[in-house]
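Shared between the two complexes below is subunit A, which has subunit B as its partner in the first and subunit C in the second.
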Partner chain A sequence: MSDPVKVGVFVCHCGTNIGGIVNVPEVVEYAKTLPCVEWAEGNLYTCSEDGLSSIRNRIKELHLNRVVVASCTPRTHETLFRKNCERAGLNKYLFEFVNLREHCSWVHMEKPAEATLKAKDLVRMGVAKVSLLQPREDLATDVLRSAMVLGGGVTGLSAALSLANQGYRVDIVEKEEELGGLLRFVNKVFPTHRPSSVLLNPLIESVLEHQNIDVHLGTELTEVKGFVGNFKATIKENDESRELNVGTIIVAVGAQSHKPTGAFGYGRFENVMTQLDFERLGTDQHADINHVVMINCVGARNEERSYCGRFCCIVALKNAILLKEANPRAQVTIVQRDVMAVGKLYEDYYRRALEMGVKFVRYDRARPPHVVGTDREAENVRVFHVLMGKEIELRADLVLLTTPLVPAEDNQTLSQMMKIPLGTDGFFLEAHQKLRPVEFPADGIFVAGCARYPAEIPDCIGQGLAAAAKAAIPMARGQVVSDAFVSEVEPSLCSACGRCIEVCPFGAVNWAEVRTSSGGKKNVARINPAECKGCGLCTASCLSGAIRLPGFTDEQIFAMIGNQS
Partner chain B sequence: MQQALKKEKKTATADLREAIQALMEANHLNLCVECGKCSAICPMVKLYGEYVHNRGTRSMVERLCFDPDGIDDEALWYCWACTQCTFFCPSGVDFQSFMTAFRQLLISHGYSEHSYSCKVCGAYLMPKKQLQILETTLNGKGNAELLYECPNCKKDKYLSTLYKLAGGGKSAHR
Partner chain C sequence: MSQKSVLIIGGGIAGIQSAIDLANMGNRVYLVEKKPSIGGRMAQLDKTFPTNDCSMCILAPKMIECANHENITLLTYSEMADIQGEEGRFKARIIKKARFVEQDKCVGCGECAEKCPTKVTDEFNMGLGQRKAIYKYFPQAVPSTYVIDPEHCRLFNGKKCGVCQKTCKAKAVNYEQKDQEIVLDVGAVIMATGFDLYDVSPLTEYGWGKIPNVLTAMQLERMICASGPTRGHLKRPSDGKEPKTLAFIQCVGSRDVRHRRYCSAVCCMHATKEAILAHEHYPHLSSTIFFMDMRAVGKGFQDYIQRANSEYAVEYIRARPGRITENEENGNPVIQYEDTTTRELKSREFDLVILSQALRPSESNAAVAQQIGVTLDEFGFVAPSEDLLNPFATSRGGIFACGFCQSPMDVPDSVVRASAAAAKVAETLAACS
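Moving on to the complex of A and B:
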């Protein structure tokens, strides 16, 4: 660029978030003294329309060709400021963000003088870097208008149906021989007490009839290649391998019910079973059962599995109510640690159980209940009553263990295959717990339902629909535009060590054959810009200095840390 | 003799249990959600010293649900029937009404060892333990004898005094 660099610096007070600690006017005065800085000002809120229009006006009036905003985090505001630069006719990659809030004022609240010094340093670094930025263009790739849904449970079915109704082709890959997932084994759903088939069958029928949906039963996923817009998935259906070309993938593989073998006589006593085992037996025998004890939080909220199963309490309430309805004289006692009746109408449902005479005993994790009986039959449950300070004995013809959902067995394999992360508990880990609940860090792959965390039916359907809506975005647009700050390999420098391929969390680096100057061939690393997220891991790991990340080049970093004032 | 008495009590327990069950249902004791507000507000828990597992309102609900043998425990007689717990209960447990009826039930079944009754007419007045506490407190002020009779008997007593003062239709005032 031949034009002289003209930098505008905009320092935000962020109300009192920054302005209450950092002396903003002092930072502004300092910024004016920095090389190439044409303009510097403070704003109460730079992200407000006042602040944004001020940036645009200064760009136009003073012909600024670089902009530095020193305010909050790029995570939430970078797009806004870049767009704003674009509106004023400035290439959006000529903008640099300095984080004065998270990196300075919030962490140095007690030391305003030092915080002001640090703020000056940070602004100086931003100005040094922005001068070396070059204009760039966004990258666009085409997106196939089809999706693959992994899992044919209630989540996957909802997601698939939604996408198919929007006009996209959908392939459902289900490893079982039947659609419906875990919900098939539930006899009635809470809190309406309608058979699960009433809910599931219409969904399955619509999916099977839908012209846009292909269902692959008894099918395994063996390989996934490619990136958003153009995934190549290999599936094994009836011992035959097939390739599916899809634009997006929704992971709705669900979870499995925990089997607490060995605990509370499970596996030893015939009348000790999990809630799901009990539901599979149907409701015919309910009227003949007189004494039922349910033990909640079996295998949940302990050292091994720290999470709460989220709806298992309601499952216990449901079965207790069903038993009470079938036999009002039945003694149903729920031995619990806390009753988590969280969700629409569930507190009323809990009250209904209380009103019907279902009893609740709290147990202490340190003194869990134990089930006693003859060789094969459990007869009593002994539990230490915390409030009475003594052990009580509850008669039990049937002991139901309320267990949480646990991650599906092949989560690990899928995680490695698609480079999508698992949390410490073994469930798939979304990109952001609050802001991006159904997405993965890798673009074009989405997660929904119990694959992510135990979820009840409305949550599963809601997440399935959410994932479908998210997956439809790139497919509706027909192309994906990605950030231009992606890594680039200089083939002549690449030593083909393969470290970058190993470290890339997005699978964006692969081998490519190039011709050498002497006429031979050699393998070098090549980065697919559509998959690269610009994280810089490959750049940092490259021993030959062959990988360059625009926006974070060596020159820029050295300029930032070099010219100490 | 002692043993015979005990046996009698045991047999009484069966229908007493059913009556208690009916009382519990009528006053919604089963609706307890273990929030603990009742025990936190209970003035008697404060009176009897630090919180002990068997003294709060909440634990009485538990005891009656799960411990049929605890029926002659003195802790059942700690309650003053003051309505604080009933007022604060978010679930609508009417503990005050329950306690009043429950004590009548216990007394009618012969469990009266922890109760104090009016020394004139024999009507239930208050738990024995609380009478003792009040006696000790009031003795210092010399008013303890005010405790021993029920309001009706007191009224009768003072009325007859007044009647004597008014004796023969003459005015008490000069």
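Moving on to the complex of A and C:
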């Protein structure tokens, strides 16, 4: 049926990188003796135009239908060589890369003879594998030019507005009856001290006025199906269910302010409240307050919650400065463990508080402060002053507890519904902490703002915009192209144990109902090629041998490791 | 087509990320980098906190993606001349400096550098190693093209040589190459010029440059890196011995009104990471970090500090050391400090002391900002945006900023802001078209 396999092998000297250690001519001669090898040659640099044109010419002249390049790393050069094969009319997946540099010459510099033997082995394995490769085609899926943004706080609004300005349709799904999220309750923004409404109102107005944005308030998300390019989200709006078809999803559900009930007299004393409780009171009566003590790291950096709230120190600084501005004679003391005034602006802000006379007292986690008072009123805060080495007592008309943001209550539900991971801290877990901070492992779903980790306003805006940029990519292209090497299930062999569904990090495996030969129905695993990344976890986990990964089939791997020279 | 083209100034992780995002959206991107390779500061890091991912292993794929992307044109070893015009219709002039090696011919094999007789102090390795006068900026450089440093090359200094040209089998060495002016029509610009290290020699109390066993954090980073000048082995500069005790002094030049008032944002975590890595290399090694506030505010950072303390023999002392002297018998630096928990003046000897030096905007930032008409603040960072809803705007419409040139920040924050700036550019280009 198919033409006989004709393999061409091209061994690169890479200057002296390979050629200085591995005896390349010997490897070439050896390659010529391998089964199905029609042609083998050495090149000074296979990646140079000379080397590339030589590959193309040999493909055409000798009707080669498989190519092996033995040179450096696929990381840098696979695309180049695949494209080169394509230019000569050969399916680009009939190419195999053998790494003679990183895997051989560089690590065996001291032993050229053994390195040459290993190079021969590697080339033989490459030839064995390439002979069993079959042509494949890239799989393209269309992408809808619309997005759903979950959450109508400053993060979600920023994301939605940016996408709408870029020309995409956006649905904002907000469970509250009003847009704005937590920022609605914040008095002023640091360090400019402009009212938060100065920021929030124009943002909300722009969103409401934008012709590309639909806002769904008081709305609950009940189901998400589909994958990048074509998600089907079911929402419940005014007791009516409806479906949104969107290409991408941004999760910007925010977080909630921690309420430390039972700690430091919170819930018992009327004048003990969180920073956010205080901000919600408004700024009118600050002038009458004479003694304020703030306790930082309440419910943060402890056994129960190890993380730092990132900007709570700055919130304390802000309210301390506002209180001092309203009443310069007020005694304001911040009881803290470290002052997290990170970056360019906040150190000056910290200094400003110091210069205004705000006092800072450091406490040790092992000796936390105590709030003491009468029945319903706190009167003093006792704290072991680390620098003075003794306990001091601070008078307090008002005690403000600086608490971190904690994960939203619905995170768990959402995580299961959309198959997006949560970290041990309860916040959503991004694909890579360093370089993919607003992505999930699955394509087409993104995370931003306090849903991911506490973030101050410019960071919320930044992450919202970053998620908008990421979501715009597949929508701008109009298509997503999946890798050709994706796993496949043979339904007749599937025992429906569900292991593959559990191990898949991308949510690419789902149940599908098929008819059995006896006319009944059964569930089997089905892999969506558009979501599969070809990682092979499902293939390895399948006990029935029902899943194969083209490009890494058992047959190919046995051919590579068998038949030792 | 000028509306759909973007110029990005700076090829560090921020510029790279903006470039990839915008190119993936289908825009034409020109990425200008003054150094011979893209990669920026992240290329100099051994590993990254708090995951201890190998920095090059996660950066290199991004660099290669830039190089291979059909929509990205890399202009390395190039500098900005000026930008005329306005949002949607900029004309940018760039000077592509002569490498004296032709980029389309050089295959990066390195035989020229092997034969080159001239050794030069290697800035990539923070002065701890040497390179040749014809060199590749670092082993994984993108592009991998070599470059001749005319300041040190024998031939360019009137001496007889030409060895590299004779050695090069690809015939890529061209001593006649000239600087080239490139004019680009672009719709928007992103400034991502990153940071430089604050010179710590004026802080004479710490003895850097005088006491051999006092290094900067970036010097230690290169030393501990497997591709660095000592191939990952820690060696004291004074005697080559392997240190058993390290001390880190935080806020050297940072949070200091005499030098840089601001907090440099990354050093608490950076020092902790280096202490962890050093312990991983040498399980008997212990570290002491002298700090003011342990500013570990990012995701997973507090756990990282806890782990350093409980599993990697890292001790934290809240103190601001006043002075470092040298024990002349053994070359050990001696740190004088007040232990704030016991209120005692103490003096302690270590094998090696590391200064967590302040970070500052790129030294060329002032020049670049002037050429492209962007206002900076008193420190040389891009002046904060007036628009609360767009923290990435600069004083000039259509020019955006992201990353460390705005304010000190770590890699994830730079990456977020790079993508955010890309979104703002996409909005601008959509409005202009």
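In the analysis below, the second predicted complex is superposed on the first by the 394 of 565 C-alpha atoms of A that agree within 3 Å, B and C clash if a C-alpha of one lies under 4 Å from a C-alpha of the other, contacts with A are read in each partner's own complex, and residues count from 1 in each chain.
Everything that follows uses one rule, which is that contacts are C-beta pairs under 8 Å (C-beta built on N, C-alpha and C of every residue); 3 or more make two chains touch, one makes a residue touch a chain.
Predicted, not measured: the structure shown is a model, and the values here were computed from it.
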{"item": "Which of subunit B and subunit C A:Asn230 touches, first, second, both or neither", "value": "neither"}
{"item": "Touched partner set for A:Gly389, first subunit B, second subunit C, both or neither", "value": "both"}
{"item": "Touching partner for A:Cys308 - first (subunit B), second (subunit C), both, neither", "value": "second"}
{"item": "A:Thr553 touches, of subunit B and subunit C: first, second, both or neither?", "value": "neither"}
{"item": "Partner chain(s) touched by A:Gly15 [first = subunit B, second = subunit C, both, neither]", "value": "second"}
{"item": "Partner chain(s) touched by A:Arg351 [first = subunit B, second = subunit C, both, neither]", "value": "both"}
{"item": "Partner with the higher number of touched subunit A residues, subunit C or subunit B", "value": "C"}
{"item": "Touching partner for A:Thr141 - first (subunit B), second (subunit C), both, neither", "value": "neither"}
{"item": "Subunit B versus subunit C as contact partner of A:Val339, first or second or both or neither", "value": "both"}
{"item": "Intersection of subunit A interface sets (partners subunit B, subunit C)", "value": "339, 351, 386-387, 389"}
{"item": "For the subunit C and subunit A complex, residues of the former touching the latter", "value": "13, 17, 21, 24-26, 48, 50-51, 53, 58, 60-62, 64, 68, 107, 109-111, 169-170, 255, 261-263, 265, 293-303, 306, 340-341, 343, 377, 379, 381, 384, 388-392, 406-409, 411-413, 415-424, 426-427, 430-431"}
{"item": "Contacting residues of subunit A [partner subunit B, same complex]", "value": "339, 350-351, 354-355, 357, 359-362, 385-390, 392, 394"}
{"item": "Touching residues (chain side subunit A, partner subunit C) in the complex", "value": "14-17, 44-45, 47-48, 75-76, 79-80, 158, 162, 165-167, 189, 192, 194, 198-199, 202-203, 301, 306-308, 310-311, 338-348, 351, 386-387, 389, 423, 427, 432-438, 452-453, 457-459, 461-470, 472-473, 476-477"}
{"item": "For the subunit B and subunit A complex, residues of the former touching the latter", "value": "25, 28, 30-34, 53-54, 56, 58-59, 62-63, 65-67, 70, 91"}
